[in-house]
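Dropping the structures in below, format is structure tokens.
Heads up, the next two complexes both have chain A, just with different partners, chain B and then chain C.
Showing the complex of A and B:
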């Protein structure tokens, strides 16, 4: 997330006409952001200071920071935070590997490459809900394709439980998430790959470096900005992801896929406790901010 | 010569793996949607339907044909798995999704085009703080917005209406649109701006007559992203819609998946209909999407 050119500070005088027209042009955006972003964020904090339960709408006592204390005292919060972390790490790592491989393939010139890059967009375009139902059916323990395939290939001798197995749930949801996110990551990496100067490769060839060495010493290091971008973007997507947890498992089995986004949903819309729900959402938003900026700093520097 | 053949075989194999990875899950969904109850519950699965049936799609498209547990049972005595009577809600929901998406696209363009032009081409006090405000709003997770949105929408009396969705979808689409447009406008030469101003164009005329026509590719990208984001959005729609009058496609499809009595062949048929519009749009406008995604993500 680099700062756009426009954010650089101005050092010369500004014409009054320009100032006025810029303000007019920005009014609609400011209004929209105020109503749908700034106000909700402030209002959310305000709500989090009250014990607001929709089951008891007429008595809304002010409780200060009690909701936050409640959130942090709940062991489920820490468990779901840990689950969110492991889901995120798994997903982002897998996205990086698969996207690098697909980007390497699509960076080659060959007949049919155009078709492949069109095919690549299919998972990106599919709605998360449809993606969720597709994988739910694939993972189905009764008649699903995963069981059928493994059975026909003789990897298993009887149908297995997949999503219902607490040890496998998170990884299986991550797999569905990865499938959907690979196209975007690939596109971002491809752009970076295209910017690697071709003479680097020809020079390395002259020096006798083989394909593997060229990949290791030229491609990988040059991909750093692309990797940084993918890690930042996909980390943010994975941490907040909700849709497929809803479709595939509803946080189950037991609490095996109870991640933070799911907990916000349960707290507010199943338990109807808006006070603690807001506090939880606030903690999550701040965590996302901190995470985004720390990832930007560390990854941005190292890569 | 050998190396060349090796390369071609390697590329062919890699392409095959790639196409299988991407398309096999989708193909299985499509195949399942044409299977009857006996086929869909066969072990091992029928990868290709032996007796393809259109009954799942018929239930969705023929609203007058009442599907009940009994009629489905008559048609298919093997298992009694059934098509829900809510099947006829899918098309109206897709229509709702389309209305919402089109409204969001229009409002989004009206808001983001002038803002992006001002941020990219006009020098004014407060430009950098406006940019930082935009950056920040892009990082807020949507799940953190649902509680205030819910209370806000309820207070306005907009629960269970399409307008609640239009308002809130602006929150999740406007920042991204502005970023795509800003990065595109910045790429256009400043001299164009100056020349138009010297010729006596006002700022608004410069934007409308000089920059908008040139920005067409990025506008296409913005329209597509906004449309697809709105069409696919689930979380907020889950909060704000309660009846078929306002339910959008993802909500109706999700309601099928959470009902264990509904046949998976029917659920897959609903899934196929849900993915057709976005996939067609994506394939038609592939070029714009790739450039838009790059601009939006690199800048943001």
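Showing the complex of A and C:
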């Protein structure tokens, strides 16, 4: 029979052995992560400290934080930041409303619910590029489906300019983005709705609460975790969103859809200025982090 | 009875052959097949034609060619990355827009020292020769060149009772208003003003035909000058969209390809398009206006001419290739085979023209009976040649062209949308040019 002291002695090496072997098993994955994630992140920061332009390969001076100063001094950066904020607010608000209504609908029992649920997933299943091209056709001012539909319904008497109208561009891109993002948001909210105990509704009914009151006092508060998740995720997606801007307008017309993600692309891949491009990408990443952190602190705190 | 004899019947013969092959492979320059292949990079246009011409070259010279290509849209980025990574490229296709940038980066080598290439200059259009020169040196031989052309739909003009196509931009307005009033076309002129690489070609054609310049010969910004600059051209576009309403306000979202589709679908009476598009315009399988699409000289603005912009793509020799004499000599042979004469004729230009309608910068090809016969099927070669003689290279090609082009394109769009005045838009463009030139 072993004494407690002996048992401790026996347990200690075993646990140390487990820890060591666990670390050993993790090493390959950590090495891969270090190469494909950590190194590029650090290297891009290093790059942001140089005036690195691919078309001027023989002169790459160290400029410290000058690239960051240049970014903040550029009025276009602030304009694109404002446009990004506007796009994000528009998109996230619309996603929240549409996804909540759709989730409420799908939470009810009715004929064809399963078919509707399956159809709902279609936009989510379409790749961003295909989605962008589809909306480009829909919005086309010459032969687009939107003009065709509105014209046939007598809402317009001649074809309208959509993406080419600087006042409408951002809202139209947001619409295409919302269409793509609503399914995931709906699923997240629907899952949260399904977890609300049915007893709460039964008790409320007994107490005489009508549908509206049940929604206001039971459904909405219970949806908070789902809302928090959707707001955080969709905010980050909207701030970083690039694909639709690339496919639908390439930042135009004029600068109507020149958002931050587009500016990073132009700086890095069109001007081939990797120094300022990296600085811009870092600024954008930090802003996204700060935004996500504040959303978590405000919305997530109430979970 | 005959028997099939093995090439190396015995052990002794096999060893002899193996030894001989090994020795040959170890002696550079002694055996053409042992030499490194010529590395040729291009964008993915006319791939089958390029491959067949390479096969003929390999057969004739015994030299091997390693041919690779990338899509046009990613070509510049791909090549810049390859150059930075010291990829072994000997000969490649280059756009005139990238010439200063690539020369200043040290990636392209001049060809002035190769008389077998330089002799072709005499038979090449002036704007093409100018397009391959930078800082007094020549950097290539023409692969393909073309220009911005003015097209009209003859049937629509006849329907409106208009006897001849417009000769001036004022006549374009007048005829368009007639077409509009008669309900023949809502927006008679198709202009593509979307922000893409085509935009500078459209803008340059408008500016040149209005007698203006973006920059002078010394590279100083002229675009904001009301008389000598781009003012008249941009003002004309702004008026065409907002005042006369003869150009769709959607022009800022219409790229060249969509513009072509719109014109071929019969929505417009006039269009500015790349000259080579005439083949599509008059192809009944692709166009509703087939047989009616005609080319006219670029309309002239007040004080302007029928000038247009021409562009040029050429074969460039890399600095990597000229580091080694044999490598350079082989690449030059390949360059002449493609950009000059192959077996006594401009075989590749002819092949590209007859197969896919690509334009050429070689003057004597306008007299070639095969080319004349081929072009007569869908357009008028005399007009093709007459306008090409009036083509001019883009004056804004510079090391900072790409960056300026982004800003200038945006400025034009802002003015077209009525968000700023023409003068302010061009001031912004000029100021960006001056800043970039200084940097």
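As a convention for this text, the second predicted complex is superposed on the first by the 287 of 303 C-alpha atoms of A that agree within 3 Å, B and C clash if a C-alpha of one lies under 4 Å from a C-alpha of the other, contacts with A are read in each partner's own complex, and residues count from 1 in each chain.
As a convention for this text, a residue touches a chain if its C-beta (ideal position, glycine included) is under 8 Å from a C-beta of that chain, and two chains touch if they have at least 3 such contacts.
Quantities reported herein were computed from a predicted structural model and do not represent experimental measurements.
Enquirer: I'd like to know which partner A:251 touches here: chain B for first, chain C for second, both or neither.
Expert: second
Enquirer: If you stack the two complexes on chain A, which partner ends up touching A:289: first (chain B), second (chain C), both, or neither?
Expert: First partner only, chain B.
Enquirer: Touching A:165 in the superposition: chain B (first), chain C (second), both, neither?
Expert: second
Enquirer: Mind working out whether A:270 is in touch with chain B, chain C, both or neither, as first, second, both or neither?
Expert: After superposition on chain A, A:270 lies in contact with chain C alone.
Enquirer: Would you mind checking which one, chain B or chain C, touches more residues on chain A?
Expert: Counted on chain A, the partner with more touching residues turns out to be B.
Enquirer: In the superposed arrangement, does A:212 touch chain B (first), chain C (second), both or neither?
Expert: Neither: A:212 stays clear of chain B and chain C.
Enquirer: Classify the contacts of A:62 with the two partner chains as first (chain B alone), second (chain C alone), both, or neither.
Expert: After superposing on A, A:62 lies clear of both chain B and chain C.
Enquirer: For A:155, decide between first (touching chain B), second (touching chain C), both and neither.
Expert: Neither: A:155 stays clear of chain B and chain C.
Enquirer: Which partner chains sit in contact with A:125 here, chain B, chain C, both or neither? Use first/second/both/neither.
Expert: After superposition on chain A, A:125 lies in contact with chain B alone.
Enquirer: Using the superposition described at the top, list the residues of chain A that contact chain B and also contact chain C.
Expert: In chain A, residues 140, 142-143, 250, 269 are touched by chain B and also by chain C.
Enquirer: Enumerate the contact residues on chain B facing chain A in the complex.
Expert: Listed in rising order, the residues of chain B that touch chain A are 8, 11, 14-15, 18-19, 21-23, 25-26, 28-29, 32, 40-45, 47, 110-112, 114-115, 117-120, 122-128, 130-135, 137, 139-152, 167-168, 170-171, 174-175, 178-179, 182-183, 186, 202-204, 207, 228, 231-232, 234-235, 238-239, 249-250, 253-254, 256-258, 264, 267-268, 270-271, 274-275, 278-279, 281-283, 286, 289-290, 293-294, 297-300.
Enquirer: Going by the contact rule set out above, which residues of chain C touch chain A in the complex?
Expert: Within the complex, chain C contacts chain A at residues 77, 80-81, 83-84, 101-102, 104-106, 186, 194-196, 248-254, 258, 262, 265, 267, 399, 402-403, 406, 410, 413-414, 417, 419.
Enquirer: Could you list, by residue number, the parts of chain A that touch chain B in their complex?
Expert: Result: residues 1-10, 12, 14, 17-19, 21-26, 28-30, 32-33, 35-41, 43-44, 47, 98, 101-102, 105, 108, 110, 112, 116-130, 132-138, 140, 142-145, 148, 151-152, 159, 179, 184, 187-188, 191, 229, 233, 236, 239-240, 242-243, 246-247, 250, 261, 264-265, 268-269, 274, 277-278, 281-282, 284-285, 288-289, 292 of chain A touch chain B.
Enquirer: For chain A, which residues count as touching chain C in their complex?
Expert: It is residues 54-58, 140-143, 158, 161, 163-166, 249-255, 266, 269-272 of chain A that touch chain C.
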